[in-house]
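Which chain is which? They are A, B, C, D, E, F and G, in the order written, and residues in each are numbered from 1.
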């Protein structure tokens, strides 16, 4: 029995205080296709590379709308993302129906965080094997959140998750000062598409595999697929 | 203890972020006899190779009708397929009774996906050991879905699952442009039967072992067995 | 730890997609004494070899009546067969009382299949260690089903399960064309008894150890034991 | 880890289809003192060897009355026998109170069988470590049943369970033709006592260690202990 | 893994039909200080050696009164004895309140037996690590029972449990004929105290460490401690 | 696998009848700072050495008041002590409210004993890792109890638990005859403080680290900390 | 199996009485960025170093307000801290609503302690992987508590938790006499910021990464971030 015995379940700390199952869940994210998120003062943008298994299959959905002011993109296990996005959509509905107000992006992050944390502290389940980028626009402006399997949600100016996402992040860091101040959503999208390109290997961006979403001031969450993205290629 | 200890249950990630039990369930699918699905704009078709254990037994059902507009074929553990098809049939009934409308194919896929995902995140069960091809015709046209044990459901133009299904898929990829544009269901079935032939080894297609189903515009889900398939041989 | 660790419970797939515990349950069937089932258009017959532990014990029941139109024979763990036959008898009653109609043989197979499938997908139990041959006569004619621990139920013309049953099956395959067309139940029984003989080793069929059941058109399920089987020896 | 890993719980089949825990429970029976059961047409008899731990302790009860027409003797774990005999006594009461009829011996066997079977198919318990011989007289005459931990219950002419019981069984087989036709209960008891003697090692039967029970036509279940057995020594 | 794997829980039989955990619980009894029980026709007596951890602590209670006609002494884990004696006391109360009669000693043994048996057949607990000697006087006279962790309860003339109890038992066997016929409780106590002496090692019986209880005809359960035992030293 | 496999949970006896987890819990007590308890006829006293982690932290509470007539000191896991002292406080309240009388010290010990015993017989928990000294004054005078993780509670004249407590115990044994007869609480406290000194290593008793509690006839439970203990240094 | 088998879950004591999982949780705290707490008579202060994952992300919140008189800072797993701070906030609300008074700091510590203790004594969870410093001002003045995963809560004059926190603690010990007597909150904050500096490695304190909170007499809990901390740099 020479194996490391701290990595078999979510409720066991390693002697160095790590929860290995939570870290392994991060690896599931790295196997998903890359998605980029970024925001300026008034807008937030998601850009994602869609994949298809082969010629015969449609490209899989990478961006999911949650409400008129919020949506998310994913990298990792798609069925896990469905669970989380369905949950978020329900919470958006609930907030509208019960409180008559939009769910704030910060609150959305808290809700996802609490749901994910439970899976890291109770025996019998596993952490969610998916990362999410959540964009939204609420009273406090445009937001971009990164959700992690640990239950951590980070507020960000820009980031990328998924396969080879480091390329996108490096690019975004370099142009941070430029994109945070852009005025139009089109400009912001262009930065996002360029960032996505930094993580490509053999793929070329096409109207088939590129997915874009934008939300912002006076601009409800809008998803661009297919021919609608051609102007950004 | 030199064994890999990440593959014993569904709630443990491997250090590379994989859920091995979900992958092993895929192997159960590969042991089932092949089934092919494909769709044109107005029609969707399932073609399946039925097996019998020996001379004395009937050929086992490979295609199951769920509603007048939807049905599915299976490869893998038949009892698991029964659980899922029963569930889908109930959901079709429920949609008709409560909302007075047909369950959309997309929604059908979501329902199966959520049901299967739960089996990959809770201790004490196992993933479903079966793959399904679901065809249907609803407001948004003809559809073909592939359901996988992970909870993934893919929208496809054509595909095949089961033993030696790669042969069928290669054929479908080659003739993709031809079959997506056919006008009649008979033409589409012919492509399907030919695809199925590419995955046969020693078998010959007969009225005994061939099963065909079609659904489409103004064409309720119809299953052809026995003599009814003779015209397609 | 050089053992194969995929065969310890029912909820773990092996890397090749097999559920070993379900396969091991089949071995329990092979230790039971042989039973044969066969059907013509209008009749279905069960023939079974009864065993006694020693001179002092009665021969154990191998055929169980479920309703006036249905019954079954078993090979494997008798207490497990009791659970399943009791369940089937209740379902027959229920169908009669609530719907005022006989439970169809196909539906009987589905019910057993679903009950057995649950034992192959939930932690904490084991598959049923018994095989069943179910005969019945309903609106769609005479039927013979084979129930397996996996939850599979096969429709058959004839088959045999239990110790050395391959001999019976080989015989039945050879005379398939003959027995499917016989007109009388007596002829069908004779084929069945002869088939049973092919699986005997040192035993001789006697009025003590032979059990026969017949069901058919205008012929309720009837069980022959003891002197009543002497005419078929 | 060179151990056989199929024998640790009741819900795991060995590769040969055996449930080892059920077989091990049989060994617990072999450690109990011997008890013999036999029946003629109109009577059924239990004969048992009582043990005491040492000079200071009373002899332990081996035969338990369940109703005026039924009783049992045991070999194996006495506390397990208590659970089962209490259960049977309750069922006898229930039958009398609710249906106003005596529980049939066959039904008694079925009830014990079902109760024991559950312990062989659910995780978290163990099979009963006791064997029972049940005698009774009902509408269908005198009966002798043997209950086994697997849930099997056998109808018998005569048998013995417990330490060195093979001696008794061999004797009973030899005199089977004689005792099945005896007319009086006294004669039947004599055969039983003689059978018991065949399994003794160093013990001598005395009024202290011999226990006898009889039930039959017009003869309610009667237990003889102490001086009452002296006439059979 | 060369260890014996049948001794880790109460629900696993060893290949020889033993429940090791139940046997290990007996060892806990052997670590308790010795207690002796004996009875004549009209009286039953408990004699026990009390221990204290050191000079500073009181001697621990070894004899517990359950009702005016019943009490017990213990050897083994005191907290387990508390659970069982509390249970017995409640049952005595219940019998008095509901049926307006004293709980019979036999029934008391059955109740303890059933309670203990459950701990030997369900996963997740352990057998009680304590042995009890129960004395009582009811309609059928004076009784002495020995309760064991297996759920066995033996009716006895005399016995001893705890450390080095074999010495006491040997003595009691030798004088069995004498003490069963004594007329007064004082005489019976003297036999008990002498028996206890046979199991002492370095201890001397004093008014501090000797505890005596008596129950009998027209004599309610009475406990003697301290100076009250001086006349028996 | 050369490890001892009987020490991993509370529900497994070792072959020698020991519950290792209960014994290991005793070790947690030995890591706590020392506390001393002693009693005369009319008074009971607790003396405890408080610790602080470093210069910056307050000294941790070692003595807890439960009611006006009862309190306790602890050694071991403080959070476990909180659970037990809260429980005791609730029981004191309950006794006052429901029965209008003070909870007797003996009853308090029984309640703690039962609560702790459950943790030693059910799977899924652990024994309490704390020892308690409970003092109180009730109708039967002054009392000192020692509570142990096994559920044992001992009545004592004096004792000490925690790190190096043997020194205190040896002292108390030597002066037992003196302190049991003192008339005033001040004298008893002095014996207690002196006992505590016997277990010190490098520490010196100060108004910061010494905690004293007293209860007795006409003297409600009183806790002395800080300057209030200066007269006893 | 040469591994230490006492460190895999929270409900197993090691032979030395330690709960390793609780100790490993402390390691998770050491990986968090440092936070300092200190108090004078009338004020309590938290100073924390905020971290961001990279240039693109916001700095993560380290200090959380619970009520107008209470707040906390954290080091370790942020999602675990959310669970605990949400709980504390609810308890503060509850106290206000139900009792119309502020939750005392001492009671707050007790509540957290009890919640955390449960996670160290029940199978199926893990200890919280976070340390908290709680400051508050109530009737008994200014308070600083340190919460640990074991459920221990310490009252302190000053302390630091997180990466390299020893440097801060050493500084605080040296200046203890100075800061406990300061009159103004500004002075106290300065000591806190200086303490934090002692634990920095390559970082420099900036308006971005420094977070300060203060509470005190007539001073509700106030959090300073960004430009508001510039005067303390």
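In this text, a residue touches a chain if its C-beta (ideal position, glycine included) is under 8 Å from a C-beta of that chain, and two chains touch if they have at least 3 such contacts.
Quantities reported herein were computed from a predicted structural model and do not represent experimental measurements.
**Q** Going only between touching chains, how few steps reach chain F from chain D?
**A** So the least number of steps between the two chains is 2.
**Q** Taking shared residue numbers divided by all residue numbers at the interface, is the value for chain C and chain D over half (same) or under half (different)?
**A** Different: when the shared numbers are divided by all numbers used, the fraction is under half.
**Q** Where the centres are mean C-alpha positions, what is the separation of chain D from chain E, in Å?
**A** Using C-alpha averages as centres, the distance is 31 Å.
**Q** Centroid from C-alpha atoms only, then distance chain B to chain E, rounded to Å. What do you get?
**A** 69
**Q** If you average the CA atoms of chain C and of chain E, how many Å lie between those two points?
**A** About 55 Å, centre to centre.
**Q** Where does chain E touch two or more other chains at once, residue-wise?
**A** Those would be 1, 123-124.
**Q** Between the chains shown, work out who touches whom and classify the graph as line, ring, star, complete or other.
**A** ring
**Q** Along chain E, where are the residues that touch chain D in the complex?
**A** For this pair, the touching residues of chain E are 1, 5-6, 10-19, 110, 113-114, 116-117, 120-124, 146, 150-152, 154-159, 169, 172-173, 176.
**Q** Quick check on the complex: what are the chain G residues that touch chain A?
**A** It comes out as residues 1-3, 7-9, 20-21, 24-31, 53-58, 60, 76-80, 82-83, 86, 119, 123-127, 129.
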